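First subunit A sits with subunit B, and in the next complex the same chain sits with subunit C.
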Partner chain A sequence: MSTTDIKIPAPGKPWQASRSDKLKSFLTVISAGIFTFILVNVTPLKGKLAYFILFFISVIVFEYIRQRITRDSQAAKDSVLSTLSILGIVLTLIPIFSIVLTVFVKGYKGLHWQILNKDMALASVNDPIEAGGLLHAVLGTFLLVFVALLISFPVGLLTGIYLTEIRGTLSRPIRFLVQAMSGVPSIVAGLFILSAVIYPITNSLSGLMGSLALTILMIPTIARTAEEVLKLIPDDLREAGVALGATQWRTVAMVVVPAAKSGLLTAVILGIARIIGETAPILLVTGGADKTNLNPFEGSMGSLPFYIWKAFLTGGTEQSIARGWAGMLILLIFIFILFGSARYISGRRS
Partner chain B sequence: MALLEDRVNSVPAPRELTTKPRRSDQIFRFVVTLGGMSSLVILGLIALFLSIKGIHILNEKGFSFITESRWEVVTDENQEVIQSTFGIGAMLVGTMLTAVIALFVGVPISILGALYLSFYASGRVKTFLVSLIDLMAAFPSLLFGFWGFFVFMDSAEYWAKLINKYLGFIPIFQVPTPIFERSPFIAGLVLAIMIIPIVTSISREIFAQTPLDRIQAAFALGATRLTMIRAVVIPYGRGGIVGGAMLGLGRAMGETVAVYTVLNVVYAVNWQMLFGAGGNIASLILLKFGEAGAYEVDALMAAGLILFLLTLVVNFAADFLVNRFGKRGR
Partner chain C sequence: MSEENQNQKAMPASLASVAAKHAQKQPGTNPLGTGLEARGVHAWFGTKHVLSDVTLDFAAGTVTALIGPSGCGKSTFIRTLNRMHEFIPTAALAGEVRLDGKDIYAPGTDVTKIRLKIGMVFQKPNPFPSMTIGENVLSGLKLAELKRSNTDDLLESCLVRAGLWNEVKDRLKEQGGSLSGGQQQRLCIARSLAVEPQVLLMDEPCSALDPGSTFRIEETIAELSQTMTIIIVTHNMQQAARVSDYTAFFLSNDGPGLMVETGPTSQIFSAPRDKRTEDYVTGRFG
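Here is the complex of A and B:
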C-alpha cells in the first residue's frame, strides 16, 4: 500500500459559519424585512423611522426565535447582543455616509473651472457662482496651517522625545497635561490668543494670530502621535548608538528620529487634519478676508472655514448655499487626501 | 629609543569615567525638557491670561456670575458702561443639557459599535470600518454643524414631534409653544454624532486590552459571546469606558460651531429640550463677541475661563479613569 492511498482530511474551519448557516441568517433578515413591510402597510405606523425601528425589532425577535428553536436560550440571548452591536455600527455609519453624500451632491453644484483661480474680492456671496472662487481661502488655509506647523511640529516632537527618550520624573504629569490640552475647546484657544497677544501687543487681527491659536490645538495631536511612533523604535537601536560611543543627543538626532521619519510624517498629517477645518478660533482672530492675502503678519486673512461660514451665514440665496457646500467639498477632499496619505504611510511601514 | 619614548608619551591618558552627561547632552536634555514642559506652560498661560482679562468681572459679580441667567449691558452714547448684568447660568444649563443628551444617545451606540468591531467583525470589514470611523473623527465641527442644520434637522424635528406627542406628559418633553426647530434636543443629537467616533475608538482600545487568556478561558468554559462579554470584558473595561464617555463629554461641552449653527441661541434657562431655544457657553462667546465692547469682552473672557476650567476638570477625570483602568492588564 503506497502512501498516496491514505486519505488526508481536507482542512476545515468548523468555527466559521457554513453556507447553510449564512443562508438561514439571510432568510431570517429577509423574512424580518417582509414582516416589517406588511406591518408598516397594515398599521398606522409609517415613515422611514417606523421602517427602521420595526425592521430592527423584528430582526432581533426573529433571530431570537430561530436560535431558541434550533439551539438554546443562551444562544438566543447571544443573538440579541450581536444584532444590537450591528445596530450600533449601522447607526454610526449612517451619519458618515449621509454627510459625505450630502457634501458631494450639494457641493459639486458650486464648483466651476475657475474656482481655484479667483477670489471673492470683487464678488459677494450672492453673486452668480462663476463670479468668484476660493483661491484666497485655499491659500489662506495653506498659510495658516503651514505657519502653525512651523511652531507646533518642533514643540510636539520635543514633547514626544521627552516622553520616550528622557523619561524623566515629569513624564507622567506631562502625558497627563498633553491629554488635557487636547481637550481645550477651540474657542478658548481663540480667546487666549486674543487676551495674550492681540489686546496687549499687536492690536490687529492677522493670519499669524490664527496660526498661533491653531498651534495650541495642533501640539497635543502631534505630541501624542510622535510619542506613539518613537515608542515603536526598538531599544536595540538606541543601545547600539550609545555603544558605538554616541552621546544621547547624537543617538536621538541621527538614529532614533531618522528611523521614525515616516511615523513623524504621519504625526504631521494627523495634526494638519485636526486643524484644517477648525472654525471658532479662525472667526475670532484672523479677521477673515475676501481678498487674497499672502502676508500672514499683516492684514486679515481668509480661510476655507471662514469662506464656508460666511457663505452660509451672510448669504441666504441659492448661490451662497452652493458656495458654502462647494467650500465644504474642497475642505472634505483635503481631509480625505490627508487621511489617505497618513494611512498609506503607516500601512507601508508595517 | 627616543622614538619608542615618543610613542609611549603619545598614548592618550585613560578617559576619566563619569556618569555625568557631556555638555552637548546637557544642552540636549535642557532643550527637550523645555519643549516637554510646553503643554504645562501653555495651559498655565491660558489660565493666566484669561484670568487677567476676566478676573475683575468675576470679582464684581461674584458667585452670581455662575448663577445669574441674564446677559445684559447698557451703555450711554460714549460707549461707557452704565449698568451690566453678566451671568452664565442659562448657558451653563444649556451646556449641560446638550452634553448630557449627546452622552445619553452617543455612548450606548459607541459601546455597541465598539463591541461589534472588537468581537464580531474581522478581517477586511474590520479594517475598513475602523479607518472609516477614524476618518469621521477628523471631520471638522463645521461640517457636522451645517449637515445638522440642512439635512439632519428635518428628521430630528419629526422625531421631536413624535416624542412630544407620545411622551409629552414627562416635564422635560413638554414645550411652551410648538417650536421644535433648532432645539437642544437636535443639537444634542448632532453632538452625539460628533462624539461617537471618539468614544468608539477609545472603547475599542479598552476592549482590545482585555487579557486574551481570560477571554479564551471564558469560551473554554462554554460561554457564549454575550456571557463572555458580560463576565470578562465589561467588568474589565468599565472604568475605561466611563473615562472614554467623559472625554466625549469634554468635547461636547466645548463645542462651538456645531452648536451655534444648529441651536437657536437664546439667552434663557430652558430645560425643555424639545423646545427651540438654548445655547452653550462656547456659542454664547461666539454670538456676543462680534458686537461686544471692551467691558463685555472681559466678561466673555471670564466665561471662557469657566469653560476652560470645566473642560479641564472633565478631561483630567477622564484621563485618570482611562489610564487607571485601561492599563491594568498589561
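Here is the complex of A and C:
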C-alpha cells in the first residue's frame, strides 16, 4: 500500500474537555449565579460583598455536587481545589484591574496633545488643563532614574559577581545584608542621604541627592537579580574558559557576563521599576520644581511622583485632580512598558 | 538480557583484536618533549580520600585511555593534570604532576600558562553561548590574551583538524548553539586546539554523543595524536581499544580509587596481569 492510500485522520485533542463537558460546567456556574441572586433577594444579605462571597461558595458547592453525582468523591474533592485556585486568581486580579481601570478612566481627562511639550513654570495646578504639561516631571524622573542606574548597575553587578564567582568568605553576610537592604523603607533611604550628605556636605537639595537615595533602594534589587541570573550560568562554561588559559576575571568578563546578558537587562529593568514611583525620598532630598531643570547637580528638580503629589495636595479644583490622575497614568504607562520589555527580553532567552 | 551477556562474553577476543590492529607508538620517538608524568598523586574532597597514589607516565605523542567503573577516580585524576581539580572548593591534593620535567604544582607556577599547554575537552559540549562558531574557535586567544597575526588561517586549520570545517565553513557567523551535539563537541575540540596545547585531556568526550559523532571524534583523536599527547577518560572499552596506545585501569573498592594496572592497550585487552583488570575488560563486572 502506497502512502497516498492512507487516509490521514483529523488531528484531535481527546484529552481535553468535550463540548458537552464545557456546557455542563458553564450551566453549573450559571445556576450558582441564579441561586446567589435568589438568596440575596430573599434573605437579609445585601451588597456586592455578599454577592461575591455567596457566588463563590455556591460555585464550589454546585461543582462539588455535580462531580460527586457524575463521577466520584475523589473527583469532587479535586474540583474543590481547582475552583479555589480560580478564586485565588480572581482575588489577585480584581485590585490590579480596578487600579488600572480607575487610572485610565480618570487620567485621560487630564491628557492633551501638548502635555509632553510644556512644563508648569507658567501655570498653576488649578489652571485649565491645556495651560501646562508634565515635561519637567517626565524629564526629571528620567534623569533621576538614569543617574541612579549609572551608580547602581556597576555596584549591583559587582556584588552579584562577588556572590556567585568569587564566593569569598564574606558572601554569607553580604547576601544577608543585601536581602535586608531590599526591605529598607524608602523614607529611610531619603533620611540617610539627608543626614549623611546634605546636612554635612552640600547643604542644598538637588537631583543627584535624589538619585543617591534611589541608588540605596535600587542596588539590592539589581544585586539579587544579578546573583540569581549568574547562578543560572552552568559551571561548564566557567571551566571551559579557565581551561583555555584565561584568568578568572577574563572568564567572568568574556564568558559568564555575556552569557547572562539578557538576564542582566532584566535586572536593570526590575531595578528601575522598583524606584521609578518612589515619592518620599525624592520629596526629602530633591524637592520639587515646576520648571524644567536638566542639571542634576544644582537646584530642585521636578518628577512624576512629585507632580502627582503636588496636584492632589496643593490644588483642590477639578483641573488639579485631573492633572494628578494624568500624572499617574503616564507613570503607569512607563512602568507597563518597563515590565513588558522585561518579560519580552527574559522570554526570548529560553 | 541473554543477548547482552553473549556480547560481553564475545568481547575480550574482539577488543584484543581491535587493540592489536592499532599500531602502538613507542615513547620518545617524536620531538614533542618528554610528555606528562604523574608522581604519587593523591586527591581528596574534604576529608574523603578519592584517589590514592597514582604514578603514571604519558609519553609525548601517545594516546592514553583511562578506563574503570564510575566513581573510581579517573575523572578526578584527569582534572589534577591541568589543575582543574582545585576548582572544587573542598579539593585537596598531594603528589607531583610534571610537564617536561617541571612540577605544575610548584609554588610560583602560573596556572593559566599550565592550562594553555594542557587543554581540556569536557564531557558535555560547552560552546560559549554568546559567541558565534568562529568566535568560539578563536575565543582562547582572547581569553588568554594571545596575539596571532593570521587568525583566519588558524580558524580554518583548527576546524579542519577537529573534522568540522566542511560542515561549518559557510556558517561561521552562526551561534555555536545552532550545531548538533556532536558538532558542538568537535567545536569544543577546535576551540582547545586554537591555543596550541602540548597535551589534550578529554573527559568522556563522547558520552553524550551518538555513534556517528563518536566515530568522527575518534578519527579526530587519531589525527591529533600526530602532534600532541592525548589522555582520554572513557567508559566505552571498545573506544579505548580503538583509539589508545596505552591504557590505565582504575578501580575503587569502597576506599579511594587506585590505578590497578597500566600497559600497552593490546596487552591490557589481551593479557592483563591483574585478575581485576581481566574481570573488568571481559565484562564480568562494572
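Everything below uses one rule, namely that the second predicted complex is superposed on the first by the 303 of 350 C-alpha atoms of A that agree within 3 Å, B and C clash if a C-alpha of one lies under 4 Å from a C-alpha of the other, contacts with A are read in each partner's own complex, and residues count from 1 in each chain.
The definition used in the following text is that a residue touches a chain if its C-beta (ideal position, glycine included) is under 8 Å from a C-beta of that chain, and two chains touch if they have at least 3 such contacts.
In this text the structure is predicted, and so the values were computed from the model without any measurement.
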Broader residue contact with subunit A after superposition on the shared chain, subunit B or subunit C: B
First, second, both or neither for A:Arg167, with subunit B first and subunit C second: second
Touched partner set for A:Val255, first subunit B, second subunit C, both or neither: second
Touching partner for A:Gly241 - first (subunit B), second (subunit C), both, neither: second
Partner chain in contact with A:Leu87 - subunit B first, subunit C second, else both or neither: first
Contacts of A:Thr43 with subunit B and subunit C, given as first, second, both or neither: neither
First, second, both or neither for A:Pro305, with subunit B first and subunit C second: first
Subunit C-contacting residues of subunit A that also contact subunit B: 247, 250
Touching residues (chain side subunit B, partner subunit A) in the complex: 21-22, 24-25, 27-29, 31-40, 42-43, 45-46, 49-50, 52-53, 108-117, 119-121, 129, 131-136, 138-144, 146-147, 150-152, 155, 158-159, 162, 193, 196-197, 200, 224-227, 229, 247, 250-251, 253-257, 261, 282, 285-286, 289, 297, 300-301, 304, 307-308, 311-312, 314-316, 318-319
Residues of subunit A defined as touching subunit C within the complex: 167, 234, 236-237, 239-247, 250-251, 254-255, 258-259, 261
Residues of subunit A touching subunit B in the complex: 47-49, 74-75, 77-78, 80-82, 84-89, 91-93, 95-96, 98-99, 102-103, 106, 154-155, 157-159, 161-163, 165-166, 168, 170, 173-174, 176-189, 191-192, 194-196, 199, 216, 219-220, 223, 247-250, 252, 270, 273-274, 276-280, 283-284, 305, 308-309, 312, 321, 324, 328, 331-332, 335-336, 338-339, 343
Of subunit C, residues touching subunit A in the complex: 82, 84, 87, 89, 112-113, 115-116, 119-120, 122, 124, 126, 128-131, 139-140, 142-145, 188, 191-192, 195
